[in-house]
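Could you have a look at this structure, given as structure tokens, before my questions?
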Amino acid sequence: MKRPVTLFTGQWADLPLETLAQKASQWGFDGLELACLGDHFEVQRAITEPQYVQSRRDILNKNNLKCYAISNHLVGQAVCDPIDSRHKNILPAYVWGDGKPEGVRERAAKEMMDTARAAAVFGVTTVTGFTGSPIWHLLYSFPPNDFAEIEKGYEYFAQRWNPIIDVFEREGVKFALEVHPTEIAYDFVTTRKSLDAINNRPGFGINFDPSHLIPQFLDPAAFIEEFADRIYHVHVKDSKRYLNGRKSILGSHLKFGEAMRGWEFVSPGHGDTDFESIFRALNRIGYMGPLSIEWEDSGMDREWGAQDALAFVRSRDFTSSTLAFDAAFSSDKKTSPAAS
Amino acid sequence: MKRPVTLFTGQWADLPLETLAQKASQWGFDGLELACLGDHFEVQRAITEPQYVQSRRDILNKNNLKCYAISNHLVGQAVCDPIDSRHKNILPAYVWGDGKPEGVRERAAKEMMDTARAAAVFGVTTVTGFTGSPIWHLLYSFPPNDFAEIEKGYEYFAQRWNPIIDVFEREGVKFALEVHPTEIAYDFVTTRKSLDAINNRPGFGINFDPSHLIPQFLDPAAFIEEFADRIYHVHVKDSKRYLNGRKSILGSHLKFGEAMRGWEFVSPGHGDTDFESIFRALNRIGYMGPLSIEWEDSGMDREWGAQDALAFVRSRDFTSSTLAFDAAFSSDKKTSPAAS
Amino acid sequence: MKRPVTLFTGQWADLPLETLAQKASQWGFDGLELACLGDHFEVQRAITEPQYVQSRRDILNKNNLKCYAISNHLVGQAVCDPIDSRHKNILPAYVWGDGKPEGVRERAAKEMMDTARAAAVFGVTTVTGFTGSPIWHLLYSFPPNDFAEIEKGYEYFAQRWNPIIDVFEREGVKFALEVHPTEIAYDFVTTRKSLDAINNRPGFGINFDPSHLIPQFLDPAAFIEEFADRIYHVHVKDSKRYLNGRKSILGSHLKFGEAMRGWEFVSPGHGDTDFESIFRALNRIGYMGPLSIEWEDSGMDREWGAQDALAFVRSRDFTSSTLAFDAAFSSDKKTSPAAS
Amino acid sequence: MKRPVTLFTGQWADLPLETLAQKASQWGFDGLELACLGDHFEVQRAITEPQYVQSRRDILNKNNLKCYAISNHLVGQAVCDPIDSRHKNILPAYVWGDGKPEGVRERAAKEMMDTARAAAVFGVTTVTGFTGSPIWHLLYSFPPNDFAEIEKGYEYFAQRWNPIIDVFEREGVKFALEVHPTEIAYDFVTTRKSLDAINNRPGFGINFDPSHLIPQFLDPAAFIEEFADRIYHVHVKDSKRYLNGRKSILGSHLKFGEAMRGWEFVSPGHGDTDFESIFRALNRIGYMGPLSIEWEDSGMDREWGAQDALAFVRSRDFTSSTLAFDAAFSSDKKTSPAAS
Amino acid sequence: MKRPVTLFTGQWADLPLETLAQKASQWGFDGLELACLGDHFEVQRAITEPQYVQSRRDILNKNNLKCYAISNHLVGQAVCDPIDSRHKNILPAYVWGDGKPEGVRERAAKEMMDTARAAAVFGVTTVTGFTGSPIWHLLYSFPPNDFAEIEKGYEYFAQRWNPIIDVFEREGVKFALEVHPTEIAYDFVTTRKSLDAINNRPGFGINFDPSHLIPQFLDPAAFIEEFADRIYHVHVKDSKRYLNGRKSILGSHLKFGEAMRGWEFVSPGHGDTDFESIFRALNRIGYMGPLSIEWEDSGMDREWGAQDALAFVRSRDFTSSTLAFDAAFSSDKKTSPAAS
Amino acid sequence: MKRPVTLFTGQWADLPLETLAQKASQWGFDGLELACLGDHFEVQRAITEPQYVQSRRDILNKNNLKCYAISNHLVGQAVCDPIDSRHKNILPAYVWGDGKPEGVRERAAKEMMDTARAAAVFGVTTVTGFTGSPIWHLLYSFPPNDFAEIEKGYEYFAQRWNPIIDVFEREGVKFALEVHPTEIAYDFVTTRKSLDAINNRPGFGINFDPSHLIPQFLDPAAFIEEFADRIYHVHVKDSKRYLNGRKSILGSHLKFGEAMRGWEFVSPGHGDTDFESIFRALNRIGYMGPLSIEWEDSGMDREWGAQDALAFVRSRDFTSSTLAFDAAFSSDKKTSPAAS
């Protein structure tokens, strides 16, 4: 049995869902991971207008697509970030409000609770997203950090998110954090600390996305094995390092696509991610959920790329063997495969 | 002209030949390398029941498959091994008998002679297999080896196998040893020594299989060039090293597929083998025999994998140029390709 | 929009154009880069016989092929080379004449001027080719070079080629030097010096061919960015290094295809060239001209290879994104893709 | 002639200058780069108490040490940083004052001007230090940056520092920024932009320190050649990457010395810096100033390390050849070295 | 404080202890790890003749040497090995006896108990050594292993060694197994399993020796951190891999020093071991015991090498920092080192 | 026993021998390899003036230096080169004469015969040098080589050099070719062909110099093992590759020391040569002759470098073990070193 391959709609929010669904269906996708952006999935309408939810279902059904997860990355970001002008651009107006930081964070938290409720109404049990981080800006310890403050950052995250996860757990929905720089968890160490901070409660897990691990020189397959029981959703996305001694892995404050950047997001299969090892690790831990292509590549045509990415995933996503190649010898020596 | 691609049946011995042949044919294979396992090819019946041989031919013909080689790896293993309980599980009951080591070895030798006879009756001129080794267990010299004993090991191999090769040569059949750990020959040095021990007689050559060289860090294409005149048959099989400083290349006494193993057999094209260099080397030495896929990958569905492997081989197995791109200049300057 | 993929006819000069055009068309090529070899494109006939040019057009049209460039590599080589017996084999008889070096060089220069005229008549605005070099043989400075003589070599090149480029510019045709060992320019340094020697005049640019950069350990994508405004034509050709400590990168005075050579030309996609980086660099500089496959691989069947190369290029030649993945947030936060 | 080797006193501020100078002298250092920390060099006293400056000179003279540069890294940091509680710990009380950000920045700027004056009084022409950065916290563009704001960051830096450099230039002293994460310049791209922002005025250059480039995968020797005319001072300091797929190059918000950090500062010669290439590059650009060992290694005893580092530098710091090995052949063939 | 550097006497058993002690002292060693070989340390005499022990002490004292551990590798090997003729050559005659396997194993076990007693008499609290292994010969699973038998191997080891460790613990002596191919533990996986098999009892730990990990591609520093509380003794010994595609990492059944071997033991510092990382790991876990040079290099003069190895260790064995380079800022900002 | 370390005087020909000998002696060299340059060793005087030879001996003796070989690289170069103006600068006036190529070659051949005679008079049995090459300029086969001409090149070499070697063999002196680009032999393939061309006669062997192999990516230690019986002399010289994708391994027609060169000669130990493997290979083949430092590094002071190089060689040149570490077990188990 193969895993369904879905398209994350975040990078296509300029298209109406109707249009995008048609395209995705024609290209051969099995479903969509709907982003709470544009008209793709609107949280407040979903929990207040029954016919809205049905309209989303209709579009999917007509195009023979399924939905396994909805995404609310941008609102989640505001839950425990220090708020600045950049957040205005990524939040719905009613969450931004007057922009006073504490109010923004509170409204963002409420919106995430509502996202859990909306998902439940829609019949989806996974919400992917971001958490924000109160300590990301202390990444490089100069002026020297007071490391007690770092520890407090994890506690603050727990205070902010525990009430949200309460709602998720009540609704039977799981939140899957995309481990990512600028979030509370962005690598092995910080993911372990974040999970510990909330006592590893089951309502909170991981939206695995290798593209954020590659620029950090982390091993994505090892990450899957390390956090096996918290892999709730998978993004298929790739990055490539362009290090030649003159380009910094830190990115040089440059936009994606500028020639001097030290790394870039690229279409899956065009970067440094070893997807075969990832799929084998997913096989080993028994993950059978969707493989959701989050397509982003500043150097490739978007529609060409989405199709290329889908073909790539289909050709690499094999399932595990059900045979042990040398176990059968003792029962009947003549019918066993030889381990040679 | 392309080389035929066959499927080695050893890892499929749980299926009746009839079933397997149908599948292989549908998948597009050109033939089968029949293993002396299950009902695939039974040596004693082949040399005593004429209709048995015909029945094997019928199955192949009906499915438009050819047979270029039969395999008797497991019985060959017993010819010069120290015998222990593991051999009971890989030998036919009539070869194992009472299990007394010397008797087992003698019956195994006789069975290998019969395999040559059976191949001849069946019209096949190559038998692939193992030899066993009297000295494999002395691999790591501690307690320190008496190296004279190592030299005696090669002589013992020659004593045991020369009479068998006599029969092979009389029958017009060649034996092709799969160079492999636990056999008398497993690398460049030991292959050279083994061939020398039997005076490089033509009845004994090599079943080239790169998957056993990769975990030893050997160069498979160089192996082909080194032993060019003894490459009698080719297995297409792959391995991958998973070395991260915590997994040992020696395998840690773990089963294939366990997460901590330092290397694994994987489906062709999914590992560390540079098959393009191998095919170029085969072109250079003029090998035009079968490419026999020995499919084994503990992390991949067997049927998906066999088809993936076949497509992989077809896409990589090109033949050599018949043009020299810069030789023609002297005869007619106007019709020659430019080496630019 | 995709770039057209053409086949360079130099390595197929043993076939009449009619035959080759049929094959190329069937294989799916968009056009041909006609070599001045065999009957493919004859300079003197093109400028003197109107019906000759029409006959070339007819063959192309009948096969639905376009021509974006013609090649006259071999005659160009003689323009500033020290002439020896090897040149006789690569030049038309009327250029070689009595073989006295200065006369050969003068006739070669005139033939290159005529090539510009012929291209103009034919309606093609690019001529690819070589320049020769008065200093190539001084590559390894022993006996020690008088480096003033090296500088004089660039001046000599300028003296010999400026009058030719005068004609090119008058005819509205560009000359595209294939940067290549044995030419005046073969790497970053010498290309910069050569372009400077002719004051970077626009009539003279580069036929980019990565296969000559790979054996020198140069970065082809960086070469494109460095000489962005002089990339007038592109060859798709590949090389592979076979360095194992016993094979020299210098080639050992061996023919292509001999086992001990340290590097070889190989079919595109089978070597060490990172074509993805090349295509991304071409996207970045806005090159939309032909990708001309110059097919040469001493270890692969030519017709199998041409088709394999075409499929390879088609699968890798994507166009650039027209979206900035994170730029839209400020205008309308709800329809922007998330950079996550 | 060898370059002087000095010890940067910043990491030894717990010791009185008298004690440290004795040690440094015994170990064999040629001089000290005095930090404005502890009693090593106090700016306000230097410009107001003539005998204070003399007291510093006396200590140096008594120990046969020279001073080529003073450092005021910490105060410089506050000039254009967003100020937070971490700055309180690195600033003199009279600069921190009431801690209101704008006031802190203004007092820091004034203190840097006074540092130039103090250096002039002391007879030293180089001040090393930091600048701070208004945009460092926007390093990873999520929430997506408004990149116009990045550009404004460089302008802000220029506004804040130009008046300071005015004083430096008047006093005949140069400011040498240590290119470093959290500063306005931390890699090739940002250094170029920063220098451009102040019109490459000569009063502002670079304190080259390779240890901050190594974790970014930058090439320190290339950095020297790129910014050759702005290398005003050199720190000898090393870093080592410990990347194994589980440790992040971003540092995981961990303290130096914790086992899971992806990189560490280490004693010179114990890390990934290729000092030989650095010294050759310094030879090529003609830098003959001090090599100042900034010693920091959380896993090594400080005094053992300082001596080890000094011995390391002495053994690697060779001067350039004054002979061209093959140039002399034309003048007198019998006395020339052979390039063989 | 530096760790003592000792010389393991096993490779010098052809010299009387008196002679060796003089040499080691002159070369500058701090002590000897006495092997139970030759006259270096005789177990039975040590527990029966009080003046014998004193004679060993006298030799050491006269040469100003200490002893921190004695070694009885060879007898330990016989405790749970399948016994063959090779063991005769490494055992005292009274342990070998009639050579019947079970008797040999029993006498070897008793001798190991006596070694604990002898160490106690001699005042030494560590005995280094081997354990043997009942399953080593099953390393490469062909004929396919019954993996239940592998598990039984660990149990057998526990049965054989628990009574021995009982004596060790009673005597206040620890046994330190040298993790090594042919022993029950030779890598991460098997060391963990072996320690578990005896319930991690404290009387049994590890004689860390990186030279046996290098040919397996294991990370010695990670091994130290993984088994930090069981590192009871340290051997300084090195290995080098010579893999060129023709030499097997398995060793080809060749003696050390033969040109075609894939790896060799080499003098410390001449191989692939990263000793700096090892010493930093030892610092981190707080190991302050001896660094015992086990010198073995088939390509280097023994006496030259021992001195070279000692100098190498002395130059690399630094102790850890007692300062945190950025912790002091909060207490007194003016005396703290800057983390820059 | 250690090998003597000598200094090749070719790069010091601007100094009188008297001066150089004093320096070399003070630095600690054991001897000089005298170049036929300047007043170091003049061939014609040596065979005609008995007191001249004595004067050279006196200088050496006074400084306690030995001479094991003399060098006549430059004259040898002219023996089978195509002669051009560069040769004038490297030849004595009486060899260059009127500069007509054939005459130059003949006089060069005679001078080499005289060099053999001079060496014999001087009591030295090795002459190092070059051969020149009639085919070097055909290195890159474009215009395409007639490969029959390459073969003729080796024959031509044999014709030119056989008469010279006749004299060498008569005089009891050996000629040692420095395998080097621009010579008849410059890598494995061409060395084998050159030796074959003269029937492997013993009077002609190799002056091993790894610095010419490194830029070709050849393995110097493997070269020693391949041509073990023809290693007559050894140069210690190093090279470093500076390949960054922009610098060509072919050298770009640039002088040594220019920043864009792809490789450089560097002082021994500062480049890419693995001298330890070289010394182990020399041990294995039993070479006990001089290690002659040919010092050349355009980026390092010559006198600093010569001393650094000598210290480097002394620290790396160890002799082989005379013990087999595991062979002694059978004779006396108690006195044998343990292979553990």
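Just so it is clear, A, B, C, D, E and F label the chains in written order, and each chain counts residues from 1 on its own.
Everything that follows uses one rule, which is that contacts are C-beta pairs under 8 Å (C-beta built on N, C-alpha and C of every residue); 3 or more make two chains touch, one makes a residue touch a chain.
Please read all numbers here as calculations on a predicted model, not as lab measurements.
Here the repeat of B-C among A-D, C-E or A-B is A-B, since over half of its contact pairs match by residue number. Distance from subunit C peaks, on a Cα-centroid basis, for E.
Of all chains, B has its CA centroid at the greatest distance from the CA centroid of subunit D. Annotation: the subunit A:subunit B pair of sequence copies touches via predominantly different residues, less than half of the used numbers being shared.
Put simply, subunit A has to spin 180° for its C-alpha atoms to lie on subunit D, with the angle rounded to a multiple of 5.
Remark: subunit B and subunit D have CA centroids separated by 63 Å (rounded to whole angstrom). If you average the Cα atoms of subunit B and of subunit E, the two centres end up 41 Å apart.
One simple way to say how far apart two chains are is to compare their mean CA positions; for subunit C and subunit D this gives 48 Å. Under the contact definition stated at the top, the residues of subunit A that touch 2 or more other chains are 74, 89-90, 141-146, 180, 219, 222, 244-245, 255-256, 326, 329-330, 338-340. For subunit F in complex with subunit D, the touching residues are 10-14, 35, 37-38, 73-74, 88-92, 130, 178, 180, 244, 255-257, 259, 265, 270, 294, 296-302, 304-305, 308.
Partner subunit F is touched in their complex by these residues of subunit A: 244-245. Those residues of subunit E that touch subunit B in the shared complex are 74, 77, 81, 85-87, 89-90, 135-147, 150, 153, 180-182, 186-190, 215-219, 222, 226, 243-256, 260, 262. By the touch rule above, subunit A contacts subunit B in their complex via residues 219, 222, 225, 276, 280, 283-284, 318-326, 328-330, 333-340.
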